[in-house]
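First chain A sits with chain B, and in the next complex the same chain sits with chain C.
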Partner chain A sequence: MSEHAEAYLDARQQAARQGQWRRLPLIHRQWLRWAIALGVVVYLILALASVEVNWARVAEGTSRGLRFIGAFAQPDFMSRSGDIVDGLIESLTMTLTSTVIGVMLAIPVGLGAARNIAPLPVYVVCRSIIAVSRTFQEIIIAILFVVMFGFGPLAGMLTLAFATIGFMAKLLAEDIEDLDWRQVEAVRATGASWWQTMNHAIQPQVMPRLIGLSMYRLDINFRESSVIGIVGAGGIGATLNTSLSRYEYDTSAAILLIIIAIVLLCEYSSSHVRRWTQ
Partner chain B sequence: MLTLSGVTKRYPTGDRALTDIELTLPKGQVMALIGPSGAGKSTLIRCVNRLVEPTQGSIRLDDVELTRLSGSGLRKARRSMGMIFQEYALVDRLTVMENVLSGRLGYVGFWRSFLRRYPQDAVAEAFRLLERVGLPHAIDKRADALSGGQRQRVGIARALLQSPKLLLVDEPTASLDPKTSRQIMRLIRELCAERELATIINIHDVALAQQFADRIVGLRAGQIVFDGRPDELTSDILTTIYGEEDWDTSPESVDEPESDPTPAQYERRDITGAMASGVAP
Partner chain C sequence: MPVSTSPHGIPVWRLRTTRAQWLQFGAWLLGISLFLLCWKVISDNTMWVFVEDAGRQGSDLLSRMMPPKWEYASILWKPMWDTLNIATLGTALGIVMAFPVAFLAARNTTPHPLVRSLALMVIVSSRSINSLIWAMLLVTILGPGVLAGIIAIALRSIGFVGKLLYEAIEEIHPTPVEAISATGASRLQIMNYGVLPQVMPAFAGISVYRWDINIRESTVLGLVGAGGIGLQLNASINTLAWNQVSVIFVMIFATVLVSEWISARVRHAII
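For the complex of A and B:
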């Protein structure tokens, strides 16, 4: 302990004896504290000043934006209904298949990526798979798969399945690392094999969360399917993209409303399922 | 039946948890292992069923050298050693029956256990044990719906379903009230007598240990410092095991201190204290 820290502690003890006490500051030196705060404010001002705003363009765009928002008041479900239904069915198929495939592949990767049950080499490999899957945003992967497999829902499905692996495996692995180890020890002490330990001690503990996360991922995948459609991976996103580029904002509004409704439905049902599995 | 010789455990951090343990346990004996927290009691019993790997030494159960086993040999050896845990360690989301039947995991194949198709005699025995511990009505309840004492009974049934020769019991009463603690200890004691099981019980409560064990072993800082009958355990010996303390159990009178130190004295003490810790050579 330095001379300074000692004096500081002494001063705090003196103050506390008088009933004066404040929480220890995160940054000990007062001048440094102020300097950092000031630096952040100055940088923020400079950064904002450097953003160029073309006010003429904003004025022009505002009316277009308002027209887009106004379309929500009178969405047109009918004139492109065939395209919308086709897109929706494609999206839902993509969502469900990619979630199922992704979760099935994520489970072994997740088991391997949990440090407390996997040996080091397996852990390293599985963690790298997760890292690769999580590094790239869905759109980038979608572009790659579209280049590889052509336009359409196959590319979309592969993209979403790939992204699901990273997401589910990471969260599953973290759940396994946090579980109650005594239950695992107790099952191992009966002479259970590795697979039996997985089934009797680990699965019961992580199952509710695994189901909850799968439901969550299902609705993420649905939302993503409408985004990756824009880069050519099929589904409702493709329909949405077409309507936007034709300036048919009323159709776009109808599609967006349907997406919102389906996401809300997913949300509602997933919270039900989670409560039921607890 | 169980023989430990020269058992030493050093954790990777360098802490020596056990040093050169020599211990022999005959069939049917209930041995209580006492000692302060961190003395190595849990480590010792976990070395026996290899939940913890001993660093050196030999542990033999009948004619099997436990320290050299691996894979299926280890699983076979583990099923003859039942373990009962502090805070029960039941799998919360499984039912009582599934928890008891998991005592049979070492005997059945993966698919049988996965589909919960246990052999008929195993199921019958599991139910008989549940009746013996007084919980036949709880068969389909989830383990986390039971009270502490009930959970520990399920834990006991699970351990006994292994048809063990040896019971390893880790602080069975640490989270139970005094009455339930006695009931649980009595149950363990009776079941051991019925089945002639050798038993090691880690326990904090010296009075319970004296009441229910045939033999007491005292552990301090990873070494055995006492080994004898319960009636040989005196205050002096408790001091060797746990350190200096007044072991008399009659109520203590609390004297008022003669004079309070003045604030000035406090202050001086504080400053010298701070300086002593600050100016380390």
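For the complex of A and C:
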């Protein structure tokens, strides 16, 4: 293999001396490059052939699309302000409570899913919790929880908390798996119990990242809380969905602008918090 | 140094100063009261009668799901193919659009600060709006179907790919760029030979990662009418055919696991 690579490099240098230089390809093996290119072309043909587009309907919708874009120029915050404020308060409360509850539940799951501190049976159980929580979109979980707990923000909060567990626990477990093991050994050598090891060797090492991730998750949960209302789990999503299906585009534009503004605010403040913790 | 003295005048080490202690106490108090306030709002808006029989509802749901109706899987292949197409074509369209936006948004390649803030605004608004909302908008505009799903996924991907890519561009080594520009290369040549080779692995990795996320997201786009397996899911839920729903869940779970595995392998090979 290395001889082959050397020969290849020599050939490249020879060619370069004669004034024929080409940059290194991203994928080294030539047959693989061609196979990938061919596969992409075949896939594109198959895929594009199976996409059915009703062009008449698209043409019909264009004027509506233009009206929607026009609505962004003059969003209407006022005429449905009551509904918007109610939806926003619900979304924000759901976001905060679900993040707090989710992070609190994610910490034990994350500890259990770190291979270096958990025994195998606990590891398997915690990893499967993470896999289930990460695979299904929030909205699918929301459908099930709405059936179980009825309409309203409680179902939404539980959904977001459940999704938070998978996200936080996975990242926390990865963080614990590659922490500095010497500190753990040092604390253990003093005869510390399991709790003391967690508290004095592991927690200080993962805490800054944990805080940063929680802030990030707060931001994600707000964004998600704006969609799970579509299936009846409360929040601003329900308001948005209603305004869209009533073709009140100026109200929908207002809601979307509010969502963007809040996400921007979250992102700005979370980057501040992260800088402060690190 | 946070030190207090014992009654005998001997200094005692403490973790925090008195001021820091009070500040921390105040922060916890504020946080917990905020949490309780939020909890009260939620609790007021909840019908607790429905919550009380959640356990019964849950076990009822499970018993309806439990023998999954496996023969239903035979008509799911076409919707699954549509879902994969939505994710893949959407990702492709998204990265094509994200690529120039990222170059305009990176501090070291942007032609003008004003263009940069415009590109950043595109990235932020694409990132803040969930693909389901994009799909909802596009279904009202373009009509239900796979096309709305593809464009929704693409619009959502611009922000994600654009943000990660422009961060990668800002972190490149300046030396190759300087070397190329010292040869008298034009602006485009500098991009092509100095910047692009450095960000290409990151770009490929980000794209595959986004594809993996998009597979997940495209499974639910059908709930608002944008094609794929979500349409079947919606139909099954509306007709309360929970034994079909469980088949769909199993299929989604398998697809997501496979796509995650592929994406992890590809990213491992690239980086």
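Just so we're on the same page, the second predicted complex is superposed on the first by the 243 of 278 C-alpha atoms of A that agree within 3 Å, B and C clash if a C-alpha of one lies under 4 Å from a C-alpha of the other, contacts with A are read in each partner's own complex, and residues count from 1 in each chain.
Keep this in mind: a residue touches a chain if its C-beta (ideal position, glycine included) is under 8 Å from a C-beta of that chain, and two chains touch if they have at least 3 such contacts.
Keep in mind that what you see is a predicted model, and the values were worked out from it rather than measured.
Once the two complexes are laid over each other on the shared chain, residue contacts for A:57 go to chain C alone; chain B is not touched.
Here chain B and chain C are compared by how many residues of chain A each touches, and C touches more. In the superposed pair of complexes, A:274 makes contact with neither chain B nor chain C. Looking at the shared chain after the overlay, A:89 reaches chain C, while chain B stays out of its contact range. Of the two partner chains, chain B is the only one that A:182 touches; chain C does not reach it. Applying the stated contact rule after C-alpha superposition, one finds that A:12 touches neither chain B nor chain C. Judged by the touch definition given at the top, the superposed model places A:195 against chain B, while chain C stays out of reach.
Those residues of chain C that touch chain A in the complex are listed here as 34-35, 38-39, 41-43, 45-47, 49-51, 54, 57-58, 61, 81-82, 85, 88-89, 124-125, 127-130, 132-133, 136-137, 140-143, 145-147, 150, 193, 197, 200-201, 204, 216-217, 219-220, 223-224, 233, 237, 249, 252-253, 256-257. Chain B makes touch with chain A in their complex at residues 49, 51, 72, 75-79, 81-83, 85, 87, 89-94, 98, 102-107, 110, 113-114, 155, 158, 162, 168, 263, 270-271, 274-275, 277-278.
Of all the residues in chain A, the ones that touch chain C in their complex are 23-24, 26, 43, 47-48, 50-54, 57-58, 60-62, 64-65, 68, 89-90, 92-94, 96-97, 100, 131-132, 135-137, 139-140, 143-144, 147-154, 157, 223-224, 226-227, 230-231, 234, 237, 240-241, 244-245, 247, 252, 256, 259-260, 263-264, 267.
Across the complex, chain B is touched by residues 1-3, 5-6, 9-10, 13, 17, 180, 182-183, 185-193, 195-196, 199-201, 204-205, 207-208 of chain A.
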